[in-house]
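Here is the structure we will look at, set down as structure tokens.
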Amino acid sequence: MAYKDEQLNEEKVFKDPVHRYIHVKDQVIWDLIGTREFQRLRRIKQLGTSYLTFHGAEHSRFNHSLGVYEIVRRILFNFQDRPNWDNQERLLCLCAALLHDLGHGPFSHSFEKVFKLNHEDFTKKIILGNTEINKILKKVGEGFPQDVADVINKTYENKLVVSLISSQIDADRMDYLQRDAYFTGVSYGHFDMERILRVMRPVEDQVVIKQTGMHAVEDYIMSRYQMYWQVYFHPVTRSAEVILSKILHRAKYLYEQQYQFKLNPTHFLSFFAGEVDLEEYLRLDESIVFYYFQAWVQEDDEVLSDLCERFINRRLLKYIEFNPNQQMNEWMELYKLFQAIEVDPEYYLVVDSSSDLPYDFYRPGEEEERLPIHLLQPKNNELKELSRQSDIVEAISGKKRTDHKLYFPLDVLENLPEGRPEKKRIYEILFG
Amino acid sequence: MAYKDEQLNEEKVFKDPVHRYIHVKDQVIWDLIGTREFQRLRRIKQLGTSYLTFHGAEHSRFNHSLGVYEIVRRILFNFQDRPNWDNQERLLCLCAALLHDLGHGPFSHSFEKVFKLNHEDFTKKIILGNTEINKILKKVGEGFPQDVADVINKTYENKLVVSLISSQIDADRMDYLQRDAYFTGVSYGHFDMERILRVMRPVEDQVVIKQTGMHAVEDYIMSRYQMYWQVYFHPVTRSAEVILSKILHRAKYLYEQQYQFKLNPTHFLSFFAGEVDLEEYLRLDESIVFYYFQAWVQEDDEVLSDLCERFINRRLLKYIEFNPNQQMNEWMELYKLFQAIEVDPEYYLVVDSSSDLPYDFYRPGEEEERLPIHLLQPKNNELKELSRQSDIVEAISGKKRTDHKLYFPLDVLENLPEGRPEKKRIYEILFG
Amino acid sequence: MAYKDEQLNEEKVFKDPVHRYIHVKDQVIWDLIGTREFQRLRRIKQLGTSYLTFHGAEHSRFNHSLGVYEIVRRILFNFQDRPNWDNQERLLCLCAALLHDLGHGPFSHSFEKVFKLNHEDFTKKIILGNTEINKILKKVGEGFPQDVADVINKTYENKLVVSLISSQIDADRMDYLQRDAYFTGVSYGHFDMERILRVMRPVEDQVVIKQTGMHAVEDYIMSRYQMYWQVYFHPVTRSAEVILSKILHRAKYLYEQQYQFKLNPTHFLSFFAGEVDLEEYLRLDESIVFYYFQAWVQEDDEVLSDLCERFINRRLLKYIEFNPNQQMNEWMELYKLFQAIEVDPEYYLVVDSSSDLPYDFYRPGEEEERLPIHLLQPKNNELKELSRQSDIVEAISGKKRTDHKLYFPLDVLENLPEGRPEKKRIYEILFG
Amino acid sequence: MAYKDEQLNEEKVFKDPVHRYIHVKDQVIWDLIGTREFQRLRRIKQLGTSYLTFHGAEHSRFNHSLGVYEIVRRILFNFQDRPNWDNQERLLCLCAALLHDLGHGPFSHSFEKVFKLNHEDFTKKIILGNTEINKILKKVGEGFPQDVADVINKTYENKLVVSLISSQIDADRMDYLQRDAYFTGVSYGHFDMERILRVMRPVEDQVVIKQTGMHAVEDYIMSRYQMYWQVYFHPVTRSAEVILSKILHRAKYLYEQQYQFKLNPTHFLSFFAGEVDLEEYLRLDESIVFYYFQAWVQEDDEVLSDLCERFINRRLLKYIEFNPNQQMNEWMELYKLFQAIEVDPEYYLVVDSSSDLPYDFYRPGEEEERLPIHLLQPKNNELKELSRQSDIVEAISGKKRTDHKLYFPLDVLENLPEGRPEKKRIYEILFG
């Protein structure tokens, strides 16, 4: 507890291209940033394989985590003297903001899917386990690590605190939209955050937005929509993601087949076995992944070697629009044709579907219920749900859009002899 | 030759945060970007250890190389119909611009110093050796790879071509100043490049600047000055650089002592032995370096283990101003005191000196002669050297400034028992 | 004709904060900019009364006109070698772009409404009349002024040319959205114009957009929507507009009543009489308007004097939401109450309604038919209408939104004695 | 006094393109902005005739005044808990910042020179006279207007307060450099103000800068230098300024000659007579000046008419480099030649000299002594003068640079008959 209010002698700043400066005055924040578990986030890219589409997107999760912290810091600066806000929660909010992505590993999306992991579990383990992070948090109070974990896990009692980090207009999203726009260089992702911060108000169990800020929120929702379709779901990025997943699948499969790796994949064994402990998890950053992928190019298994070579040297799969639900017959025919030409369709004929729900209001009973954004009315302090007030948000609200792509190695197909009948038929199906 | 004028069916673009779009119309440029040797630049940071000071500085040399290409492309677009310019040289300029940094390895600065390497040699080897790059360049013409290498090496006959890539106001510098400013987020590094490109004129063996553009050039020179002192020579960055160099030194030393590494450093052996072939060089990117550094934390050698742990987890050395030329006695006393407390001064008491010459005119006979920037006079087409025309440039011209710092592990010193006399004396010398 | 292709010896540039540089190479463009009719646009604000809400919005129509010219210049640079495009039309497009707003007067919106004028008529008159503009255009060809007028008037035969200046995604809109955003400082109004320019294609009688550019167009449509509601229809701006209109109404009324002005309003007489000739129109710029408004503060007519004082010193009317269609009774009661307290409701109780249609597709027979934006499909070169492809555009397409406000002088009401029954009742109606 | 601490119920903001938002919480600031004397600043351009060179430079002094206020507000926010700072002075600083340019008239530079006025006198008169400003300031305290006037006049006792508004690194300069750069669109004028604000410290009678902020200050000094030579002293701007001055001279001369103006220049009479009272001064804004200039185009006096036509329609004078001190003979010969061709050299052959001292340290006894910028040393809290620490500042410190131009009407000379001997000789002298 002693530590609770400990302030640095002099405020420290980080130069940040998105928020200009990130300000740190609390000793505990400073110390958390210095831990090995937090520094590890420097070795994990924020946007996974996006750098293969947008070469600027090489920024790390370390970057983003500082940004989320900074936004929460600014929100709380505005909240400090407001009714409905208990400034005792300040340090808790700041720590949760800083640490909310702590459990991410390299290329989380693929790793989680293939190895059935969940980065949120690891975030919790890092906060509660035998780590430098845990030691520092404990100096604030014995139960403090648990509180931080609860906020990140959305189970903390005070939902107002939770909503700062996890809601449809939280500090996490506000940072990543702007940051990812900045580093990719796209012109989407801009909105007037300064204004949004000014019109945020703590009300009971949520952060609401003054009605006068509605247009700024609309703009934010549209930015989000554009970033999803223009950046996050870019088909080239997903092509790299497909290859990455298939590498992991293949390596796991080979392990299960007791294939003899030239380089014993010590860092991966627990992942293959499905029993990853915290220390093993923390050791696996992107540099380790790249090390193995480079090594695996030399492996005898042709599928593993080829996929790794593709990933490292950006020889990606090509794609077409392809809706598996409506094109089942083509899919099955292609599958057999690929087998016929000895290109394993399990690895080289892949449908990837991405979908996004740009904004939603609460529909009880549905999975992934989302808390709506509420607008605070000027006269009577009533709350109105955003999509009731905004035509634009109403228009896209609750509408899930899905994009299906079929990925395949065009270079391999091109190298098939011209006369081969399968080639002709495959081309017909793919390119009409 | 056949290939010489081959154009893509449709122009391709890369979204770039600094130049907005990078435009590619030549098949050869597109193919060069796709090679494994060029893609490898994605795994090497442009600014080495600077990301430990400026967290945004995580961008790669791939980024920068595209940028230099784009600037040269824009310059040549302006030059195409000008007298003194032979548009036949266009493709050569573009390739040299794209490939000029091809031979860089991870953390080049330290690696080159410790292992006595030269990235320029490797650039040449990649261009002339048995590589994908070489094969593509050869399609333009048998002698084309050699021409590209000569331009980068500054030995190409047409010095006008050379000066686009290597002069005191070349595309290389114009890109990195802006790019590094963008990613670090500092407010220096901005100048009106569009204007500079508009006032560049090819004149005999050099690119000159119309007199009306003088202030834009002044602004560029000042940006360069500020970036050197504010970013490139930042003492925290150099602290990480010092640790990195010492890691490499230690590992080499251990190798020479026939120390038994737990993990056999196969990727490093040729570096230790001083006989690095091209393939080995190309394999060593930053992910490999980080893999080893993480592994070496587990080594028994305490110096190696400690230095690697410091680097990975950013436990850097602290520093004071210290001029070794004027403080030789203190230096020697500190050296002995460190030995007395068993902190090896060879690794933990390091002076680092950085110096920069912001702009210089030609002084024959001196080392590193620099070609001056010339201003083209409106009426008579005379050339006048920049520092003769500009008070500001004159003021800083030829003035080398050096900054000396002494690095040491403050954390270790703090942990010495209070009573120890060496501690007291060390503190006296360091902090007065 | 002789003049048709005349180029300047050296390209001239204007420094522009929005497009960085505006490039002029054609002698005729340069000469047009130098005419007194074009220079006059410097004395007319682009956004009328908006500067009273957004203090940065002090930029002139001169600014904007150069911007539209520059955008068309860039589009045509991309078009020059495309099929479907006749580069003979180039100079015509550039002149029409530059001159499209030439007929605007000060605070056009109010002046046109009160005096039943039309700035488009005056644009035509300036181009075809005895003006410096006309003389310069004639040097290109005898029929050239008529062609320019036809393009601006949308009656020119080649609709492709017309659509560059007048369509739902034309150079005019692209400039003003960005420019008005820049000068007001709002964060809306940004979209990736460089990308839109890259995906524009001339196809028969219109400019279409490649399908790959759809998201950039969505972003543009949303920017437009936001700018309308956040900037152009800002209720404070409309308050000033209301006062301005009422000043003009009052002055005209007094003139009709043969009121003896202390200062004879020579510049206004033809406006009052409804017979404005070209020379009189050109003389009336904003400085003249302000001169009279300042003078009229001294007039004996209290309404005129008060309204002018309000406009000059920004003592604006306050407002509430008020829908005259649904609140006719309140309106009539207020009207009588204002009469009772001797505040003339004709001037001091004003409903203003603004409405916008963010995007529309063609609905034949309706007034103000708008040509839709078409997307060019990659494979078959088919055209698809934007709102069929974009959920977001579909959502707002054809939906007219109207905002009603009731304006009144709160300061006058506040100064009524507390006991007065009308005051109580007025407050009840206005503030509930 | 009662009013002293009165706060608005809710903070008000202005959207500002340079500082994003301008925040107002004090009732007195809000009320001052609403006065007619302050609103008048909307009708006076910040950069006088610069808009004729940089078309974006149409922003008003109203803009800038809000900006200076906002910067001081941010500085004081940082100062509030610092030693050496008495927060009682806060409101005084804010008011002085807001009002420091209140006495400026239209095109101040020319008006002051021709009519021997001083805007600082009028600032004082507005603050102390019978004005809305004065009434509001008096509510704070009877002596408050005098205190505000003293701060602006640099005679206030607490020099620390004075130095916020008037020093070599004050809020005034920091705002105008950034604002003028923004509106002109030039790439100079940027520096890291946020950093400078962070390193400012109140120390006794001045604001000093922490040593760590030295490079940011260097950057600011260089921005200032570039803005002076690239923007403020642009020769085209000075050409318009020359014409403007000559118009005023001519009108005054005609008045003194008892010339009968067609339009009686009532607004100018007191200026001509040299007895301008406050009310007359306040009435003369740019719209009045333009009204007269347009009217004077119709006057019979050819010089007045021609100069006004030139100014309104931007038919400026051309210029050459010309140093009157070294070229006295040419000057005298030109003078006579102009007389011979009946072009009055008093109005059409004008030398204009501009000079700037980018930074200076205190040299007692010299005119216009400037207080130096001091750097606060980290360990011992000593102050060191900037140019002693910075090579770059040292290089330009105390060096006054002067630029001389000779202006003349090239169009008139061109229209002289070719055979005329004076023409040939004039061309020889002017163009060599």
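The chains carry the letters A, B, C and D, assigned in the order they are written, with residues numbered from 1 in each.
Throughout what follows, contacts are C-beta pairs under 8 Å (C-beta built on N, C-alpha and C of every residue); 3 or more make two chains touch, one makes a residue touch a chain.
The chain lineup, named per UniProt: A, B, C, D = HD domain-containing protein.
Quick caveat: nothing in here was measured; it's all calculated off a predicted structure.
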Problem set entry | Distance-maximising chain from subunit A - centres being C-alpha averages | D
Exercise. Would you say A-D or B-D is joined by more C-beta pairs in contact?
Worked result: B-D
Exercise. In whole angstrom, what separates the CA-based centres of subunit B and subunit D?
Worked result: 44
Problem set entry | Distance from the mean Cα position of subunit D to that of subunit A, given in whole angstrom | 52
Exercise. On subunit D, where are the residues touching two or more other chains?
Worked result: 20, 186, 195
Exercise. Considering the complex alone, what residue numbers of subunit B touch subunit C?
Worked result: 13, 20-21, 194-195, 198
Seminar exercise, completed: The subunit B residues in contact with subunit A across the complex are 14-18, 20, 34-36, 39, 42-43, 51, 54-56, 58-60, 62-63, 66, 182-186, 283, 285-291, 294, 312-315
Exercise. Where on subunit B is subunit D touching in the complex?
Worked result: 186-188, 190-192, 195, 215-216, 218-219, 222, 225-226, 229-230, 379, 391-392, 394-396, 399, 401, 432
